[in-house]
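Labels for the chains are A, B and C, by order of writing; each one numbers its residues from 1.
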Amino acid sequence: MSTLRGNREILRVEDVSVTLGAGRRRGMSTGNRVLQRVNLTIEAGSWTAIVGPNGAGKTTLLRACGNLLDRRDDREGRIDLMGQSLDHWSGRALAQSVAWLGTAEIGADGDLSALSAWDVVALGRLPHQRWWPSTGALTTDDAAVVQDVMMQTHTWQLRDKPLLEMSSGERQRVHVARALAVRAPLVLMDEPLLNLDPPHQAEWIQLVRAMAAEGQTIISVLHELNAALYADNIVVLVKGRVTHAGRVDSPDTRAAITAAFSNRIQIRSLDNHWVALPRV
Amino acid sequence: MGWWPEMRSLYRGLVASVSTLLFAISPASALTVVGDDGVALTLSKPATRVVTLLPSLAEVVCDLGACDRLVGIDRYTNWPPETANVAVVGGGLDPQLEAILRLRPDLIVMAPSARVIARLRDLGLPVLALEPKRMADLARTYRALGEALGIAEADARFTQLQSDLGVLKRSVDASWLGARVYFEVSDELYAAGPDSFVGELLTSLGFGNAISSGLGPFPKISPEWVVRANPDVLVVSEQTVGRLTQRPGWSGMPAIAEKQVCAMPQAQADALVRPGPRLVSGAQWLVRCINQLKRS
Amino acid sequence: MNARNTTSAVSVALTLLLAAGALTCLGLMVGDGTLRWPWGLTSDPITAEIIWQIRAPRSIGAWAAGALLGLAGAIAQAIFRNPLADPYLLGSSSGAALAVAIALALASWLGADVSGAAFWGGFMAFGLTGAAFTGALLAVILTVTLAGGVAQGTRLLLGGVVVGVVLGALTSFLTFIAPNVLLNMQGFMLGSTALLNWSAVGRLLVVGAICMAIAATFAKPLDALQLGERTARSLGIPLSQVNAIYILLLATVTGAAVAHTGLIAFVGLAAPHVVRAWLPCQHRALLLLSSLTGGVLLLGADALARLIFSPMELPTGLLTALLGGGYLLWRMGKVGRLS
């Protein structure tokens, strides 16, 4: 069991294996075994980046942490959030405690033309609202949170623009804002830097580090290694197994990352910071 | 007492006049006619303003001599010629409700299978449901319409048609009696089975049917089946007769090779297929046509 | 943001209601070959009967049925996150058509035996409407069963396609072996507002009001759904329950409309698009506005169907297909993508 920096344990993953697709049949899982006996502990107030080659199971691991696997997927093992098993969390409480930013929604799925940036971010307050029966108007508190979050992500000026008219980068930042609007203690983000140009990547990194400093926990799947190297902790996932989990400034971590990418990268120090470059 | 005789005659006169008055204003015995759907229609007197929404019904009404009582017909009614001057109120399935209401009919006759029949009844219109599909239905139609129109000779008229048919049977050429006839009602190879009106006509005339019973009144037949059944006579519409040899296997059929084919003009087709008063004239045409064919 | 959208939505709703009122007046004027307001109603009982018993329930009924279809279309497009979704895609139309075909075939077979006809005579009045509604609901239940539950959108769509094809084939087969059913079925498939009477209007309005109220209370989750199923789940939306409620609403609303007017094409598909082109809005408003728009569309189509070749009338469903299709073509050309 690897322990990562932080104060309290917020998430504990015990012996988790995930099989995608066919679910259970006669007690045995059929289908594609994507995660093999993963063990992990995440401490509160930290930013953990999950890295690894394609197909390693990173997205699946992140989904499992948020109890957001598909119905047909089968999870063995146990995941505890704040000391309580995920299976015993009520839907609403879980929604208030875990915020999710996935990749699929960035496409043109759904009737995005109708929603303005403000509307989308406001949806992030759903876990805290009485949406049934739906009254429509946001409370002033909720509205304040939405405005706050949009200022932080530099999307406030986009607030009236319909999503369909935005560039993919703008849309991405709006979705990040939406995830942040939940104000959940644990934020899960899958490839949050897709479509973002370097200035906005830098903004995102700064934002996440500030959030961690204030006590929120962020777990992000990143394939941009340079951004990942700004995190507090790194989890290296290869073919469904955790090959290493540790602080970013530990040499073992750097060795593990390099090994995971078949030694085709080199990690160098630059200005008191780590940078990953392809090894040509 | 001196005034009693005057009082008595006054009293009698009063009773007499009141009775006469009551008798004059009481309704004549009401007519009740039951339609094919089991729903009874009550009329206070025989109908004088009739709307028909089925061609065969218009033909029967005219055959009963009540053509002048027709105020509305459907768009498919095309016989007798007197109906050309009657207002058309749409089709049997989609009649124009407003037009019908404006005609103030005291009788509407139509097929019970149309969904709109409930709507018409809903509007308070007097609707009688009749749909003659076979000979027995036609007998019932004549009787029902006779009652509704107050025409006592309706039954007799139908019996007349039947006996005319019997007379016609005797004029069928002996060599053709029992010949198996293939009667086609539509270009899509819908044939008339023995259970249809046409089929019953053929049977009454002493012909056989190439189609076996039990397939329904108008089964859709495969061309191959007809070839195997090898009918003695083919009766098809005159529009189809040129295309018969194009059907798979038909060019070799004995009936075609020996030209034992009767081509029906549309009027004769209507007369034969529609269960109505023209059954005799249609049958006459058919018998004449078959008699002229050379039996091999 | 919120406030501005609300006032816009309210003004659009009022406009739609006014349009409905105007078109209803038009509907009252059309039908006898002339176009005049029927003054002096009480003087001529026949005219009064025509106005109140034929034109009025037909116009209002068309509006009500159109409103149901508009609501159904908005729900379908929201749940499946697909702008091409229409109310019939879970098989409800095929189910209703098959049920009507069966009922007609049975009625004609049993009606041939006159003693059985008495039962079927009364059957024709209520039975076909009830049959169509039941058929629609059963077909949707079949689709949901095939899809293994309400949770997965793509499986539901596929199930709907399968059910639609199979039931459609059965219907064709039925009309094949009982050809006298064919003519009645053609009328049903094309869709018509000719059979609407006041009791039909009552039923449509009641069903519409109840379903609209329920749909509006769950509108927020529909907005969340547009972000994707997984994100909606992460926001705490109980996907299965929400889907189940909306599918039930969809089946009920579509079944009620189809039972009274047959298969009216395009109204359900086009109404949400018309609203979105006019005023992008969230689902709480979209459901209501789409419903009002559907009502105006079908009411207008009905009036037009009776006006063009007056006093003859075209089947309303034919007109909605032509107009609706034309509108969508125009949108495609204008925008360059299907909005």
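A few notes on this one:
The criterion applied here is as follows: contacts are C-beta pairs under 8 Å (C-beta built on N, C-alpha and C of every residue); 3 or more make two chains touch, one makes a residue touch a chain.
Owing to the predicted nature of the structure, the values given are computational and were not obtained by experimental measurement.
Path length between subunit A and subunit B in the chain contact graph, taken as the least number of steps between touching chains: 2.
Measuring from the average of all protein CA coordinates, the nearest chain centre is that of C.
Separating the centre of subunit A from that of subunit B, both taken as means of CA atoms, is a distance of 79 Å. Spacing of subunit B relative to subunit C, judged by their CA centroids, is 38 angstrom.
Taking the mean of the C-alpha atoms as each chain's centre, subunit A and subunit C sit 43 Å apart.
Across the interface of their complex, subunit C is touched by residues 35-39, 90, 93-94, 96-99, 101-102, 104, 112-119, 121-123, 129, 133, 140, 190, 216, 218, 220 of subunit B. Across the complex, subunit B is touched by residues 31-32, 46, 49-50, 53-55, 104, 107-108, 111-112, 114, 117-122, 124-125, 128, 176-177, 179-180, 183-184, 187-188, 192, 194-195, 197, 311-313, 315 of subunit C.
Interface residues of subunit C, counted against subunit A in their complex, comprise 1-2, 6, 77-78, 81, 83, 151-152, 216-221, 223-228, 230-231, 233-238, 276, 280-282, 284, 286, 339.
Residue ranges of subunit A in contact with subunit C, taken from their complex: 63, 66, 68, 71, 91-92, 94-96, 98-102, 104-105, 109-116, 118-120, 123-124, 126-127, 129, 131-134, 136-138, 159-160, 162, 175, 178, 182.
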